[in-house]
Amino acid sequence: MSVLVRFGVSLEQDLLGRFDKLIGKQGYTTRSEALRDLIRRQLVKKEWEEDQEVAGAITFVYDHHQRNLTSRLTNLQHDHQEIIISTQHVHLDHHNCLEIVAVKGKASSVQQLANALHSVKGVRHGTLSMSSTGKSIG
Amino acid sequence: MSVLVRFGVSLEQDLLGRFDKLIGKQGYTTRSEALRDLIRRQLVKKEWEEDQEVAGAITFVYDHHQRNLTSRLTNLQHDHQEIIISTQHVHLDHHNCLEIVAVKGKASSVQQLANALHSVKGVRHGTLSMSSTGKSIG
Amino acid sequence: MSVLVRFGVSLEQDLLGRFDKLIGKQGYTTRSEALRDLIRRQLVKKEWEEDQEVAGAITFVYDHHQRNLTSRLTNLQHDHQEIIISTQHVHLDHHNCLEIVAVKGKASSVQQLANALHSVKGVRHGTLSMSSTGKSIG
Amino acid sequence: MSVLVRFGVSLEQDLLGRFDKLIGKQGYTTRSEALRDLIRRQLVKKEWEEDQEVAGAITFVYDHHQRNLTSRLTNLQHDHQEIIISTQHVHLDHHNCLEIVAVKGKASSVQQLANALHSVKGVRHGTLSMSSTGKSIG
């Protein structure tokens, strides 16, 4: 558990007033918690830019009726076992599936796997959630 | 299954050459497939902008040792059952958890739930993957 | 001139250490200044989301040799005089021009003008810089 | 002037219908023009990722009454003359200025200058428009 440190910040009164209003709407109860989150978001952005170890989620939408598609996507995931933690499969309707792959590894490897999955013929849409292993934002 | 239509596109020769090189590197085998993906990405962006029904994934990282945090996050998810499909929980290390919530619903409701989860005290990082139910990008 | 207020923030020691390292690299000399910027960026994002009065820059790249293109782009700008402050024209090479339009107005009007300019046939690339009138981030 | 090439694309009928509707709203008159723009946007993204020569605009908002600020910003720009083409200065109100710097150079140098300008104490908001010299998207 990390030690809490307290330090002072100088801010224009008007700016602080607007910030308080904004974080109130967002559901924060203290300024420290809101600032902590702004800081963490910056640090996680850096983790990805500097190709450190990261965690995240790769999503993709596809029609499982398409011939061989499911097996091709599964094979591709097996080839990258070392960065895949687990996969969640959601049946959106009779045709469409949403698959969400939880990943942990070097940022560039995760990005590569996302590109590979998203460019498979038949995959209709893909996203990559750039999150963190939590180690450097504790 | 949607009918395939074939139509002609006019493009500057140089531009086409560069595009072919790019999509080759990305792993696409045909131009049609690469263009299809560019088009779909545009359409999904619109779905979110126009507050239509969407699907996606909300991620967040937290330390499960923090008092009451797990139960607060679970309660919050129960309050939004109608848009949550399932949740995947990953143990990143002794402290850190990555939770990935598969969601389907109105874009604004999904956004609201993401904000609510991300602003809970103790949640260290959050992302929202803006994907699609697949219906309008078939 | 806004009054400066000083308040205390509690932060995990490790997190603070990483933040200090990051902002050092970015060239900030005090934490207050770095936090002020993170806060302002959040507020400006809100200004655009809530369709308030904003300022910004619309850029587009085009080949001025293309028949009628220059006059079409100029006409379009004249039709939106009320939100255009001034336009900077850069000759990138014998063919390519970069035009940068300084704008101030309702976020949705600025977005609309950007879309209109970017979709003119012959315009090769366009961006929209979402900045602020400065009034609400003082 | 680049030679126009015509090639065929296969697309699901429903998807094409939705695309036509979307680009109609955006103001495009032909599919080729809309696809050309989608392709160019991808190529320009790559130019920045691969640190090629790019063009763009750096914006920043500041209060010119702040002591020494204007001269510090001017000095900084002079130190990077080789990538700055010209600067547009807009008086937003009695206090606030919007400065828009047209730039051309290596992507990493442009990014660096943007960071430097944005982290000067007193600069309230900054953006970086990632555009192109137009050479590789002709």
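Labels for the chains are A, B, C and D, by order of writing; each one numbers its residues from 1.
Keep this in mind: a contact is a pair of C-beta atoms (placed from the backbone, for glycine too) under 8 Å apart; a residue touches a chain by one contact, two chains touch by 3 or more.
As the structure is a prediction and not an experimental result, all values here were calculated from the model.
For the touching copies chain C and chain D, the fraction of interface residue numbers used by both exceeds half; the interface is of the same-residue type.
A straight line joining the Cα centres of chain A and chain C is 26 Å long. Our note on geometry: chain A versus chain B, Cα centroid distance of 9 Å, whole angstroms.
Centres computed as Cα averages put chain A at a distance of 26 Å from chain D. Looking at chain C, one finds that residues 40, 137-138 touch two or more other chains. Because contacts link each chain to exactly two others and close back on themselves, their graph is best described as a ring. Contact between chains, as defined at the top, is found for A-B, A-C, B-D, C-D. Against chain D, the residues of chain C that register as touching in their complex are 1, 26-30, 33-34, 37, 40-41, 44, 55-57, 59-63, 65, 85-86, 88, 90, 92-93, 95-98, 100, 102, 104, 115-116, 118-121, 123-135, 137-138. Residues 2-16, 18-19, 22, 31-32, 35-36, 38-40, 42-43, 46, 136-138 of chain B touch chain D in their complex.
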